[in-house]
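You will see chain A twice below: alongside chain B first, and alongside chain C after that.
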Partner chain A sequence: MLDPQSSFAEAISGRCTLGTINGIVLEKVCEYLYYNLKHKDAKDVPDMEIPPELCLELLMAADYLHV
Partner chain B sequence: MPERIFRLTIRQIYLTANMSGRRAANNRIRGPQSALTDFLASNNISAAQITADYDRRQREARQREQEEAAANGETVEQEQEQEQEDEQEEDEEHVEREAAARKKKKKRKRQQETALTKVKEGKAKKKQKKGKGDDSDGGDSDVAWDMYTKKKPLPGQLENCEECDKRFTVTPYSKTGPEGGLLCVKCSKEQTAQEKKNQKPKKPAVSRDKRRQIQSNLLDGIVQIGAKSLQDICIKEVANNIHDVDEFGDLPQELLNPLSQILSRRRAITSRTLDLFLRSDLDTINLYDCGKLETEDYIRIFSVVPNIRNLNLRNAGQFKDEVIDYIIERSIPIKTLRLAAANVGSNDKWSQFFMNCGERLEFLKLTWLDYSMDDDAFSDLVRYCPNLNRLKLKKCFRLTDAALSAIKDLKQLEQLSLRFPTPNSSDALAELISSIGPNLKTLSLENFTDADDDVLSTIHTSCKQLQKLRFTENDYCTDAGFVGLFTEWPNPPLAFIDLSSNRSVDYSMPDGPEDPIGLASAGFEALMKHSGARLEHLDISSCRHITYETFSNIFDGKNQYPFLKDINISFLTKIDTAIVAGMFRSCPELIKATAFGCFNVIDVAVPKGVALIGVPNAQDSIVQEGDVDADLF
Partner chain C sequence: MMLAGRGRNKIRPPRRGLGTNDNVDFDSMWAELASSLQDIHNKNASQLSFEALYRNAYKLVLKKRGDVLYERVKEFEEEWLANEVQPQILEVLSPSLLLASTGGSTITTANEKRAAGEKLLRALKQAWEDHNLCMNMTTDVLMYMDRVYCKDFRKPSIFTASMGQFRDYVLRTPLQPGPDHQISIAQVLNAVILDQVRMDREGDIIDKSLLKSCVYMLEGLYETEQEEEHLKLYLTSFEPEFLRASEEFYRHEGSTLLLDADAGTFCKHAKKRVSEEEDRCRSTLSPLTLGKIKLVVETELIKNHLREVIALEGSGVKYMIDNDRTSELEMMYDLSARVDPKKEDLKKAIQARIVEQGNDVNNATVAATQAPPRPSAPNRDRADGEEKAPEKPVNLQTTAAINWVDAVLRLKDKYDIFFTQAFQSDQGLQTAFTRSFTDFINAFERSSEYLSLFFDENMKKGIKGKTENEVDELLDKGIILLRYIQDKDMFERYYKKHLSRRLLMKRAISMDAERQMISKMKMEVGNTFTQRIEAMFKDMTVSDDLTSQYKRHVAQLGDPDPKRAEMEINVLTSTMWPLDAMAPYSEGENRPRCIFPSQIERIKQGFEKFYLDKHSGRQLTWQANMGTADIRAYFPEMKGAKKTRELNVSTYAMVILLLFNDLLPGHSITCEEIQAQTNIPFNELTRNLQSLAVANKTRILVKEPMSKDVKLTDKFYFNEQFYSQFQRVKIGVITAGNKVEDSTERSETEKKNNDTRGGVIEAAVVRIMKQRKELTHQKLIAEVIQQLTARFLPDVNMVKKRIESLIEREYLERIEEKEPPAYRYLA
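Let's turn to the complex of A and B:
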């Protein structure tokens, strides 16, 4: 979507709006992305801590973002 | 003499003090008194007594000193210092004594110092013996180092902190700094914190619980490299907190299925949690353990989700006639019905169900119905369900050859899986396959113990588009039969083959007859020749007449089976480490290898990402780093 070769609006403006995901959840998603990169080749990785009150919203976001 | 006087005064004071405060004090004419003395007196504390005690102690000490000095000429330096402070009460004798002591002072000091060094050295040695390498001592266990460190002040004295130069009171808990000096409270704390920090990454101890989890995952064929997906982590977290969840909101349908799997595994599907899965806009319900649901709960499923098309309920013991009535009454548009252990429904009700809802049914899977469906109900199934293309029947105890023969009228069938309770005649089975075989994509025949080579040859001639073939637990078909099946079979290569437990079970001949029974060497070679190029799943467990040579030919590391992901070689006792190593090289896509009872497989190097299950020695798998093409031969 953000690939400069494509002519998506997001690629042109360099800005991607995730209207359905609130800031707290998106921050957690970013935290996961770091966690995922950190444990890229590791075995038996411990699960990331997720606050229970956030898990449903985060699950929706994870499904939307395919992570 | 003076002691007696003192004692008397003490007594007097005690008595007068008891006679209440000021008056008592006033009785004795002693001149003006300070407020403090007054207060002390009122609390039964006498300044005079304290002074008297102090004097007495001084006197006694001096006496003792004199005696000792007279005896061996030694005394303690500290006492001497005290004496110096106490100049007022010096008497003549003491002055003489002090003079004598001063003369000897230098000599004594020297003696004391040497004694102290000796004691210190001794202590240091003891310490070293006690706790060698004890880090908390700050590395001061070295005797040589100890000898050159500064003399440590005793507790209670003042000292400058080594780190921050602040003055502080030494306590027994004061820490030694890196240079050997003492540290103040603040610096001590900082030092301990630093030590703890340094110790932390020492041992990433794998807890027992975690190791169990790893082994459990391995048995499920999961070898995780890298982190789990965020979805998986979240689903697990939701399942952990299921009792705090009021509703799932508009969670996508695909996510409900894994949630249901986890909750079913934990037996957490109850009336309450069932509500979370019911939403009027859904068309699929998967519940893998309905053991805790009542009949009303099943009815609620259909009342809340009236448009349900795919229904999958396992352990559905309370799925009774009332529920089937409700489905018929509301004409619920079920297309896919999978029921396990719904074993209290009556025959008539099943017939009624097929009559009313049969036309819509496309996929029917009934397992563990026990005695709740007989051949008559089954014939209604065949009659009223013309659109059925997937049929799976397992453990329905009352079905016989008649039901088996009836299946041949289901001309739309593409997938057929059967496991009948009683041995069926081989002819009925062959006839069935010859009539519906051409359409079949999946054929699964479990435990047809009486099936013979005719069945295999019928499969060979009839089935032209099979992708999945299961034919297990048979000791009647011969190796020649399997060779016939796979040799020049017009069917394209299969993706899934399960021929487990095709072997002779005559205990008087453990190696089997001369012409092998079951899947043996020639049959296995023909199989791999036919399907090896496309095969993804292969189960040949317990086909024990396949020889070692055949295995080493097939898995020689040069033959490639590019799609093979999952292989089961359990109880093939001839297989050894070299064969398994060759298997890893021949199957580059392998992710799961099951090898229970292969006792010759020892210390095999497992490629990264492969789950090798069941090898005898309980050990962590030796993960082979890098390329699989390491020299194994």
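Let's turn to the complex of A and C:
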């Protein structure tokens, strides 16, 4: 949605509002994205720590965000 | 597990925060989505929040309304394409284009047509790009639907579906509904593209990138929703038409080109066309077509016309060969290689030309040998003045022989250049070349003799003053020709004959070169071939030893005879040397034996005794006609201080001259008397007398009457006025050198050769049968031929005769009841 080719509002303003996702969860998602990028080509990567109480919410967010 | 183990912390139930709890009103949400889509299509998306749209679609799918959403989107697209895009396209569709695509007469000028075509292409391109962009955005928004709904229900993604719609509503809509006007935009598009390509081919400049994007569009669309590779619209609708049109174009072009261009131009053009098409596929159309269009060009332009081009009068392959058009030949080869890996046509044409040229050479040689002597050999543009230089009045026929070899070698050089430069050293062509050369060289019946003469000439004179490498090269060339000659035994016979003359008369310039030659022949033809020739060399060295041994022997005898002549002996093994060829009078027992003067006779007997002591049981036959002698002669009336000269003469001449020793000055002796006293065969005698008395520079004797011919009654005097500026005078015997045989000699040689062949064939038959015991006739013949082809090509009739004779002599027998006929070996 930030793809400059698709001229959505987000692409123009460079700002996405994800109103449906809780801040803690979103932080975890960001952490995951960073983790993913960091270990892109690496092997034997240590597991990422996921607090169990966030599991389900994270699952839903992941489904929504397709990450 | 780990989580559970840790588990004091309660797993928090997910908040129902994703809006799943509020009731979803599909219609209102769809309305919102639809208007957004509208905005997207109008390129007005900057007000829209992707997240919001995505969330809406997400919700709808979560609420199990995906199917409705999918259908609605499709409907929306359908409407959009039908109502907005299609009319735009139709607008730019000018009637002229319609006419052109239906095949009606086009009155419009090319320019108009082109402009209209480009307009359509541009509009289509625009529409396609817009559609693509919008659909990408839509797909993004509906990503969740694609992911969940389409996958679950096995529906094509919304993108694919909308592409299909583009195909159906934009390209496939019939323009004018009616029974006979079933043209759609797609067809018009095809026509326009083809038109543009045609213009490009004719040299006009077209907008390639525009074409490319339209082709790209066709490539992006598929016949079905499954998007199978081979069902691209490009492949199904455009490509066949394109190929058909190209075929027509090139067929037409090929035939016109054939009419007004020469072969070279044709080749150039065809090559250019092929690379052009390749370029076109890369830059304008799709690479998918590359192979197919190449095939079209190749068949239409090259394959169907190649034969005519090759045979083209005045510019075809023949012309190229004659004028050394290597680059054109190369192109020709290239084209042939494209359509026919074996290059049959080209091969045939070249073979024909080789044989033709070869026969020309043959005929010219025959003409040269029959024509009266002319200052220079006829129709030869000889570059090397080597033989032309009048160092000696070489026998005309011999010159012709050497010319023949030269001409053949030149021809071979020429084709070798073609072969490496134009034909990429193609194996198939090489065999063809070889076959052709073999054909015409063997068609010329004197080839083996001429080749041997060529070697002879070079060994005697040609290699003088040449470096080792040059000699090597020269010999290699000769060997190449030898490879082509089938009757190698003939060649061997001649070579032996010529070699023996060279050896005995010490005419060979370089023994190294001779040895080199033999080793080359050995490599080329094999051991058996050179065995005898090598034996000849061995005899020569053994003879050298023998001579020095004999000298020592004489010295030990202590015979202080001042008049004693030195002697050098060559003892030749009679089976190895072609003695019959050297001494044509040896047939029959009563061969006239030369009577040697007494002082020579004494030495002769001395040596005979010495030799037979060493090797008992051998028989020595003296070949006086082959020998030479050095004699010191005193000319009383010669000008200058020293009145002696050393004369190098043949043995016979020596014998003749010694007769004059016993003669008082001023006295003469007739030819008849000479013959009676020496018993030299008459024609040898005349030859020697001619060289002694007729030849200007070496007139040791004076003849009366002065005439060229020697008659029995002629009188000879010793020429006391003889003068030569050289201390040493070599008196050659007239026509004793190696030269072409006349026809009687030739048939003689052939007869002898056939006799030898008979023996060889019998030996081969016996060898084979000994091994096999029983063999059918056909197989036997085949094996014999196979064994002997290295030496010569046996005549089947001759083989049959030899088998007959073997049966008569009870080496073989026919197996009676067997069919097909077979033989059995009788031990």
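Please note the rule applied: the second predicted complex is superposed on the first by the 67 of 67 C-alpha atoms of A that agree within 3 Å, B and C clash if a C-alpha of one lies under 4 Å from a C-alpha of the other, contacts with A are read in each partner's own complex, and residues count from 1 in each chain.
Keep in mind that, in the parts below, contacts are C-beta pairs under 8 Å (C-beta built on N, C-alpha and C of every residue); 3 or more make two chains touch, one makes a residue touch a chain.
Keep in mind that what you see is a predicted model, and the values were worked out from it rather than measured.
K.L.:
Who does A:Leu18 touch here: chain B (first), chain C (second), both, or neither?
P.N.:
Touch status of A:Leu18: second partner only.
K.L.:
Report for A:Glu10: first if it touches chain B alone, second if chain C alone, otherwise both or neither.
P.N.:
Touch partner of A:Glu10: chain C, not chain B.
K.L.:
Just chain B (first), just chain C (second), both, or neither: which does A:Cys55 touch?
P.N.:
So A:Cys55 meets both chain B and chain C here.
K.L.:
Looking at the overlay, does A:Ala42 come into contact with chain B only (first), chain C only (second), both, or neither?
P.N.:
First partner only.
K.L.:
Which parts of chain A are touched by chain B and by chain C alike?
P.N.:
Common to the two interfaces on chain A: residues 52, 55-56, 59-60.
K.L.:
Going by the contact rule set out above, which residues of chain A touch chain B in the complex?
P.N.:
Going by the criterion above, the answer is residues 29, 32, 35-36, 39-45, 47-48, 50, 52, 55-56, 58-60, 62-63, 67.
K.L.:
Which residues, counting only chain C, touch chain A once they are in their complex?
P.N.:
3, 6-7, 9-15, 17-19, 43, 45-51, 54-55, 58, 133, 136-137, 140, 143-144, 147
K.L.:
What residues on chain B touch chain A, complex-wise?
P.N.:
206, 210, 214, 223-231, 233-238, 240-241, 244-245, 248-249, 251-252, 254-255, 623
K.L.:
In their complex, what parts of chain A are in touch with chain C?
P.N.:
Against chain C, the touching part of chain A is residues 1, 3, 5-12, 16-22, 51-57, 59-60, 64, 66.
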